[in-house]
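A short write-up of the structure that comes next.
When the chains are written out, they are named A, B, C and D in that same order, and each has its own residue count from 1.
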Amino acid sequence: MLPPGPAAWQHKWYEVIFEAETPAGKWFDVGLLVAIVLSILVVMLESVSSLNERFGPTFDAIEWVITLLFTLEFAARLACVARPPKYAFSFFGLVDLVSLLPSYLSLIVVGADSLLVIRTLRLLRVFRVLKLARHVSESRTLLLALRHTWPKITVFLLVIFCAILISGTVMYLIEGKQDSGFDNIPISVYWAIVTMTTVGYGDIAPKTDAGRFVAALIMLFGYAVIIVPTGIFSAEVVTSSQGKRKGCPSCGVDGLSPQANFCEHCGGRV
Amino acid sequence: MLPPGPAAWQHKWYEVIFEAETPAGKWFDVGLLVAIVLSILVVMLESVSSLNERFGPTFDAIEWVITLLFTLEFAARLACVARPPKYAFSFFGLVDLVSLLPSYLSLIVVGADSLLVIRTLRLLRVFRVLKLARHVSESRTLLLALRHTWPKITVFLLVIFCAILISGTVMYLIEGKQDSGFDNIPISVYWAIVTMTTVGYGDIAPKTDAGRFVAALIMLFGYAVIIVPTGIFSAEVVTSSQGKRKGCPSCGVDGLSPQANFCEHCGGRV
Amino acid sequence: MLPPGPAAWQHKWYEVIFEAETPAGKWFDVGLLVAIVLSILVVMLESVSSLNERFGPTFDAIEWVITLLFTLEFAARLACVARPPKYAFSFFGLVDLVSLLPSYLSLIVVGADSLLVIRTLRLLRVFRVLKLARHVSESRTLLLALRHTWPKITVFLLVIFCAILISGTVMYLIEGKQDSGFDNIPISVYWAIVTMTTVGYGDIAPKTDAGRFVAALIMLFGYAVIIVPTGIFSAEVVTSSQGKRKGCPSCGVDGLSPQANFCEHCGGRV
Amino acid sequence: MLPPGPAAWQHKWYEVIFEAETPAGKWFDVGLLVAIVLSILVVMLESVSSLNERFGPTFDAIEWVITLLFTLEFAARLACVARPPKYAFSFFGLVDLVSLLPSYLSLIVVGADSLLVIRTLRLLRVFRVLKLARHVSESRTLLLALRHTWPKITVFLLVIFCAILISGTVMYLIEGKQDSGFDNIPISVYWAIVTMTTVGYGDIAPKTDAGRFVAALIMLFGYAVIIVPTGIFSAEVVTSSQGKRKGCPSCGVDGLSPQANFCEHCGGRV
C-alpha cells in the first residue's frame, strides 16, 4: 500500500498560498504584500514619539491584527506543505516564525526597549516580496553574471580594503594630534571609507595642509578606482546577454556562435 | 457630402505651431522656448527677496506679457487643431492650460503665498522643450533600452529598498539614544538613503563606534551595488545599438545578424 | 619669380619649437612643460599669505624670469612660423599672449587685486600640455565616441535639467519658511544640483519631514539616473572600438564588418 | 663539478613557505594571513586611548609574539631560497624586513611618537595577502585591460587635472574675500577635488551667489565627466573578454576572429 498522497484541499491551498498562477493565488500574494508593508509602516511610525503618543493604541491594535493574520498564514503554510518540518526550517519559514515571536514574547517578558531589537527582524519579511522576483526570469542572468565576475571583483575589493587601511593609518599619523576628529586608527579608517565611497559626511575632515594633500590623493584614487568593477560587470553582462557560446564536440574548439550549426574549424556538426 | 476638412489657414497655422519643418515653424519654436525660459527665470528671480523689492513691478509686467502671449498661443493651438477637445485634454494641452491659471486666479483670489504653489506648475512647461527631443531619433533607442532593462532593474531596486529599510532600522536601534539625529525610524531611513546614494550631507551622522562600524558596512554595500544597474543598462545599449536581430520565418531560429539575407541554419530567405 | 620660402633657420627652429620628433624638439617641450608647471606653482603659493610674507620677493623674481622666457618663446614662435598673424590669432597664440599681459600690465597699472583676475588666465597655458595628447592617437577615438553620443546625452541632460529646476522649486515651497537655507528658488536649485550630483555638502539640508521625504525621492532619482549616460557612452566606445563599419558601394547596405572584402548582400566588392 | 643544488629540506620548506599547492603550504599561508590580520588589529586598537589604558600590556605581548614569529618566518624564507640576497631586496622581502624593524628599534631608541610612523609600515604586509590573488588567473585579464586603457585614461585625467586647477583658482577669486574657507589657491584646489569627486565634505562651501553658480557648473561638469573613463574601461574589458584577436601572417590584416583558421581576406592559413 502506498503512503497517502496530499489531500485535495492541501493541493488547492498549496496552489493559492505558494503559487501565483491562479487568480486566487495572485490575490493572496497581493494581500500578503499589503499586510507586510502595513506592518513595516506601523513599526516605523511607532518609533516617531509624537505619533506614538497620539495613535499608540491604534498602532498596537493594527499590530495585533497583523500578527494574528501572519500566525494563521504560517499555520496554513505548515498544513498544506508535504513535509511541514522542512518548510519550518527553510529560510522563509524561519523568517516567518521569527517575525511572529516578538509580539507574543511582549506578553510574557516586560521591557519594550530590549524587545524592539527583535521586533525589527520582522522587516526581513520584506524579502518575501522577492518571491515575485522569482517569476522575473531575467534575475537568473543577473545572478549568473554576478557569480562569474565575483573572483575578479574580490581581487579588486582586496586592493580597496588595503588602500582604506593604509589611508586611514596615514591620516591618523598626520591629523591625529590636530583635534580634527582623527582620534584613533579605527575612526580614521571609518573616515577613509566615508571618503573612498564618496559619501563625505564632513563630521571628520582634515584641517592641516599635509592632511588635505593626502586626502586629495585618496579621493582621486577612489574616483579612478570605481570604474574598474563597473567595467568588469558591464562586460560580463554584455557577454552573457549575447547567449551561451557553444563548444565543438569534434575538435574541442570553444566560443562558437550560439546560432552555429557547424563548427567553423573542422566542419563537424555542433 | 463629406464633413468640411480643415481650412487653408488652419493647415498653415498647424504647420507653424505644431511642426518645425518650415522656417516659420522653426522660428515659432525658438521664440516659444525663449518665452518659457524667460518666464521660469522671472519666477526664480521673484523668489529672491532683495531682487523682488527692487524689480517687483518689472517682474509682474514681464509675467503678464508672457501670460498673454501664452494665452494667445493656447487659443491658436485650439483653433488650428482638427479636434480641439482632444488637444485640450492631451498631456501638453493640460500643462498649457494649468500654466495659465495661476496668473488669472491671482486677480480673483487674494493670497500670493498659496498661489505660488500653483505658479510653479508653469515650470512643467519646460518639458515642452522636449518636443525638440522627438526629432532626435536616437532617444527612441534609449527608451527601448530602458524598457528592456526595467524588469531587471526593478528586482535590483527592490533589493536596494529592503537594504535601505533594514539599514535605517538597525541604525535607529544603535544610535537612537545617542542624540546624534537618529530620532526615529523614518529619519534613520532618510539617513540610509542619503548614505546609500553617496550624497552624505552630514547633518545626521553616527557617533558611536558600533554605529560607525555598521555605517561603514552600509557604505561599502552601496558602493559595491551601484555597478549592477550600470552594467545591465550598458549591456542592453550595446546589444540594441548593434541593430535589431532578426528571426527566420522558415525554421524559427532567433538572433540572426541584422544584415543577414539568408538564415544561417536552414538557408531560407529572411 | 616665386615668393621666398622659409629660411633654413626658420625651418630648423620650427622643428624644435612646434614639433616633437627630433631630440631637441622633445627637450624643448619638456622644458616648456616644467616652466608652465613652475609658473602655476608660484601663482598658487603666492596666494598663501604665510608663504607670501616670507618668500614674496623670491616668488616675484621667479615670475619675472618665467615671464621673460615665455616672451622670448612667443617671439621665437612668431619668427619661425610661415604666417605670424595667423598663429597670433590661433587659440594657443592668444593664450600665449594673454598669459604674458598681466605681468607687464602690473608695471603700469597699480592694484594687485584686479590684476590677479587676469593673472590666473595663465593657468590656461596648462592646456598646451595637451599638445602631447595629440600624439596619443587614441584620443581621437574618444572624441569620436563623445561626438556620436552627444545627441543622446543632450536629451538626457535636458531631462536632468528639468528635474533639477522642478526639485529646487518644490523644495523651496516646502522648506522656504523653515530657516533651513532654502531662502529662494536659485539657492534651492543650487541645493538640487548639489544633491543630484551626490556631492552633498550639507550646508543646506532639509529639516522638515516633508522636505526630507521629497529630498529622498530626488536622491533616489539621481542615483537611478546616472546609469543612463554611462550606458550610452560605454556602448558607443564598444561599437567604435570594434572598428569602423563599412557601407557597400553597390547596393548601399550599411554596417558591414570592418574586415569584409565582399558585401554579404549583393556580393559586390567593398 | 656542478655547484651543489638545494638540499632536500630546502626544497621541502620552499614548497611549504612559498607555494600553496600542498596541504602544508596552504595551512602556512592561512596561518600567516591570520597573524598579519591580528598584528594590524593590535596596531589599530592600540591607537584607541581607552583600550590602550586597559589592555596596553596585553597588546605589547601580542605584538612581541607576532614580531618573533615574523622574524622566524623571515629567517626561514632566507634559508630555503636559492639566492637569499635576491629575495631580501625583492619587494616582498623589503616589506618583510621593514615591518620587523620598528619593534626592534623601539628597544634602542626611546620615543614612541616618532616610531609610530615606522610601525604603520607593517600594514603594507597586508599586500602579501595578494599572493592569493596571483592564483586567481582572472586578475591578469584585468591588468591587461587597465594597461590598454591607460593612455586614453591619462588624456582624460589631464583634462580633469586642468579643470580642477582652473576651478580652484576661479573659486579663490570669487570667494577668497568672503571668509568662507577659500583662503588661498591650494585650499581652493582641495575644495575643487572634494567637489569633482562628489565627496563633498561641506567644511568649505561657497557662500556668495556667484560662487554657488560656478560651483554648480563645476559639479555638473564633474558629473558628466565620470562617464568617460567608465565607458573606456568597460569597452576594453568587453573586447578583451571576447578573446585575443589575431593578425594574418600572409597579408598582415588585423582583427581576425579568435576562432578563425583562415584569413577572410587572402585565404592564407592563420
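In this section, a residue touches a chain if its C-beta (ideal position, glycine included) is under 8 Å from a C-beta of that chain, and two chains touch if they have at least 3 such contacts.
These figures come from a predicted structure and were not determined experimentally.
With centres computed as the average of Cα coordinates, no chain lies farther from chain D than B. Seen as a C-alpha superposition, chain C sits on chain D after a turn of 90°, to the nearest 5. Although chain A and chain D carry the same sequence, what matters here is overlap: shared residue numbers make up under half of all numbers found at their interface.
For this pair, chain B with chain C, the centres built from the Cα atoms lie 29 Å apart. The residues of chain D that reach two or more other chains are 186, 189, 198-202, 226, 230, 234, 236, 238, listed in rising order. Against chain D, in their complex, chain C makes its touches with residues 40, 43-45, 47-49, 116-117, 120, 123-124, 126-127, 129-130, 133, 136, 138-139, 141-142, 145-146, 153, 157, 186-187, 189-190, 193-194, 196-203, 226, 229-230, 233-234, 236-238, 241-243, 258-261. Residues of chain C touching chain B in their complex: 151-152, 154-156, 158-159, 161-162, 165-166, 169-170, 172-173, 176, 183-186, 189, 195, 198-202, 205, 209, 212-213, 215-216, 219-220, 222-224, 226-228, 230-232, 234-236, 238-239, 253, 255-256, 264-265.
Residues of chain A touching chain C in their complex: 198-202, 230, 234, 238.
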